[in-house]
């Protein structure tokens, strides 16, 4: 605790409102995805791990472990049909008993044979119908599980020049969004995800934030944009996009992960932790501004990764802690000093305010925050010592 | 002519409407920029060439040569203050006597010392005022020269995290656009250009088409988006963006050039000619669709390149001819067959329709079109033999 | 034939040695891979097609169709263990009866559970042993099938900073290459492939041509580099690398495909046909230079693609024809004029020589070359009309 | 000091050898470039700053300030002809009086009109001769100034397909390197820099580390590779290249800077500080390994940036401090624990060892190290308060 006291003193000397920082950390949550607890891989191979959950209930049990040790993951995203079941109320109660709730509902528009040339953008109206019906089915599932969010990734696209009619496909997509919008309750929202490429390799129908934004504006106020950190071309300034969408009231959710190359789906914060911090810096700036506060405070933070070689639950804990670390550092930015530097054109001064917050070691703070919440200060160690990893193996028997 | 007759027969057998193709080619025009006739270079060096024009009048003389031999460059973009003069009516008349008119007027927001930290997005209101005044000055120049287009590149951005407030800068930019909009006549339009990076290296205030589009929508119907082919991250599908903007009525103009790496500003069509063809394929599709025809037919096609090592006028002729070649090939796409392939999900068939149009050698066609227009069938050779290159050298005396 | 005669005349006027061009085309071959005839997909899904071959024999039957209609694909690459069998002599005879021979043998170091953290670069010596044994097994299979080529893709790498020791892994890899080298006959060669990323996402042990080259130099004269067109970062000039490797005597083989983003494995020549042409331009330059001729003439040209949504055999025919088209265009480059332009510093002249060869429509030439070889001038159409696609469906019964 | 004592205790508990860390920090040096003290810009503009040095002597005075406050910049790179003078012995003595020595000598092969189409790779033998003479002139200057290093950037390349003969240019380059090598003393070395693109935009004659490595191997033991952090395509794993070159004994020097897009030349560590840390992690690993120690300990660390909008001396101080920070963090990596994790295949464990060293706040350590060296613990603040910035302005009078 000496370390923390010294840490706190130094922050207070700099003008940090420690209580505000702590309260923000106490209320900060990140959603984990049910599919993050099972096997996943690349197109080259799926390396099978032991003790994998066999259904949505076991996935929820695993997710509950992450919440138990981090204290910040009370909701779980589900994916239809991977988590399909005949009794969603049972899912809801099972989750509730574990201290969890169902978060976003994710339709799947990429795994049916009919979707070979697209789902809602397919030239065949029968396929489009099937895809739209699946979307509205997901609204029912959301209602049944208590979820308020449809997280919508349109995986449609083409592989070759000429293969599809860009503008017709755009119209078809708008029709699907419109129908989905009508099916949704007024207190639900849809998050429109974009992605540059993959699984299509020539064009993607929602290729970038600009398209997702345009679709969201046309669809109406229930629609916002979802930013997946791995879905941009190299070199794109994501924090700038986040600020832009915040300003427009259309920043709705995140899929956290990290990449060095394409949509690598590695642990968030493991490749470029500064980028993650800079994104949170914009989000907190948005929370502090009355014009953008409401949008900023309602953003859905979600993990979406593919742990091909890592043990699943530890990888998820690591991911969540990395997000918490970035968030904590961003809370420490001296915003008054930053604004002064900006106003007087002090480039190096402004840069220093940001960088120094990032260079601050927030581990003393986070340990105290966890203790205040009744958690072990080292969630990873506590989990690994809990025996759950061994217990999971019984599933294979 | 045997060659052309055989070529024409083969096209007619495929169902091509040759007269329509020719009429499109006869009316197709590309604007060249005044600054393309003078020295330019990289940050490492500007290699000085001989016979460079010393003022806007000599630049217009050079531009007139390109129009004389290609028959498709009747307008010239000007750049303020590079082409500043005290008698714009004289410029207009001088151009007219050369068979030219003044095309887009390009404000310069990057070469004043005050713009070190930005122009219309500068934190200093006095700098913003100066920048906006320059924009409205350009409207006056447009009026005086008979131009109807303000081609607006906002070079503002920051070099370091923290340096600028993204959202405040967005507001300032909107204010500037609004004031410019008010200053413009109803029959004028502004083309908002976007660029990923350079001269700023951390963030650019109008970084991508999505931002330019959002600014154009907010500014109103006089505002559209300008696509510069070199202003995207690697891997971006430009023809898809073009189709999207067309569909939204916001596709306003092009800056043609080509790049392998960043904003290399090489001769259009010299690095990836297929991409240029695919862009024109979308534009012609837009012209043929009643919903997008008006937008498509009013697009301003402009060259914007930096010929660091090439002779200026030949490089411009080469550029214009490459654009014409891509356009001609795109006119040959069998759109009925394309639609049939798309409708029946014939991926390879649709791809073949597009690729085969590209593989067609259009030189026989273009030679005939030029002859019909009273031009030499080989504009480059004709120019080089005209003696103008030698005559230009007198400027150095 | 009028068209060809006119075409030929025009080429002869330009100084093209048509007989040489034709003889090059008649002897040009491209290897197709056995795995290209079965289902493949992305990490998101494998769309199952009908009539898929069930074993190496049926794959050879499909490959024989491609050779039958294109006349240029007499060898087939095999992949172990996908094509594993207990009687390789039978495979060899079966192929021979179809007019085929077995081309390169491709070891698989990515699909065993033990390879989760690498194969020949794994920290566990037992795994490395297993992997090396597989490599030497492939030498035996090569001997048994009459193949002279081991095509070696090392898929090893790490997903996170710190995960592996770069330099130790380099040593382990060298040991494996050395052992493979010793196992190989003197008239065999190994082709070392490189790849920037995937399936590993932080580092790949043979990440670029420079590493593959260094490993090939250390391994000895049996080792050369294999260039897969999709295995580079965006913006890399592949034709330059090809020329460099040629000059060093280390250019050994190609995996042809095309990409817009990452290792998209689309049909070669479908996204950037000019790049493919420019690569062949270097290869032909290498064939004409006594210093590099031997290397250039022994390059193994192979298709390596993933046809996720296309019918398999037509996609392979399309690929092979696109390679032939690029090769034919490159044969037409006027190399004497090119050298003259280069020597006098005529940038636009040199560029024009190259571009004009690319702009030439080689379809009249290729049709005649096919007829001379007893083939149908339109291989795709002839194949589709042959009834083989329908016959294949019997496999599903 | 309480903070440091606590910091030290925590490190000792983890097994860190603090004295070794401090000794490494005390002997660590970074070279600054003379050209970093004058105006620089982009191709769009050079914003002029006040108080700029007017010659090599004033640049050395500025460099001495950076050394005075950071204690780690005792050598200064010079650039010929920018720093050309008729009395290099005077330069040497002037530097010595300031506590400085002349570091690397940098030839300039890009600013003469003759170099428009290349210098040592120019098709014109007279231009090649001129370029080689300049290289050997730089050896004389190195001798006269006491420098032992020729830092060689070959800016040659082409802008268009066809423009140059890749393989001939390679031969010409080798001839130049050979002649330079012969001119150099045995205790001198040449560092061969590579760069993907710019100022040439189609191909660069030394485009990547593989080419620089091959040229260095052929040239002989005096030649090594120089890694500029901004000279790679997007996504390249630089730390892997560094480890590879170290292992080959060819890692010779660094040009430090940072980029988000292309060769942005921003302050090192300002955009991706984790990457800088990971590079140092490999370098320290190399220093600790007897096989690579000699190479690692002789690496020339140099700043090479372009401060377009920042005040020059503060930007240089910031850069040097960022390098020191990354180096200090890399010294804290627990290498024993790292190796254990790697050996047992503990992916998350190994990653944690690396990440946690990076997350450690090294400011308490660096402040103590500076105090031990008789420096102000806050070099930036101390410099800004020193009055030198104001004194510099007298140069403008």
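Going in written order, the chains are labelled A, B, C and D, and every chain counts its residues from 1.
As a convention for this text, a contact is a pair of C-beta atoms (placed from the backbone, for glycine too) under 8 Å apart; a residue touches a chain by one contact, two chains touch by 3 or more.
Quick caveat: nothing in here was measured; it's all calculated off a predicted structure.
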Shared interface numbering between chain D and chain C [over half = same, under half = different]: same
Of B-C and A-B, whichever chain pair has more C-beta contact pairs: A-B
Averaged-CA centre spacing for the pair chain B and chain A, given as whole angstrom: 40
For chain C, residues contacting two or more additional chains: 117, 159-161, 196-197, 202, 234-235, 237, 260-261, 267, 270-271, 274, 309-310, 347-348, 351-352, 355
Residues on chain A engaged by chain B in the complex (per definition of touch): 117, 123-124, 159-167, 170, 196-197, 202-204, 207-211, 213-214, 232-237, 239-241, 243-244, 246-248, 274, 278, 281-282, 285-286, 289, 292, 338-339, 341-343, 345, 347-348, 350-355
Of all residues in chain B, those that touch chain D in their complex: 41-45, 47-48, 110-111, 113, 115-117, 155, 159-161, 196-199, 201-202, 234, 259-262, 264-267, 270-271, 306, 308-310
Touching residues (chain side chain D, partner chain A) in the complex: 2-3, 6, 10, 234-235, 237, 260-261, 267, 270-275, 309-311, 314-315, 318, 325, 347-348, 351-352, 355, 358-361, 363, 380
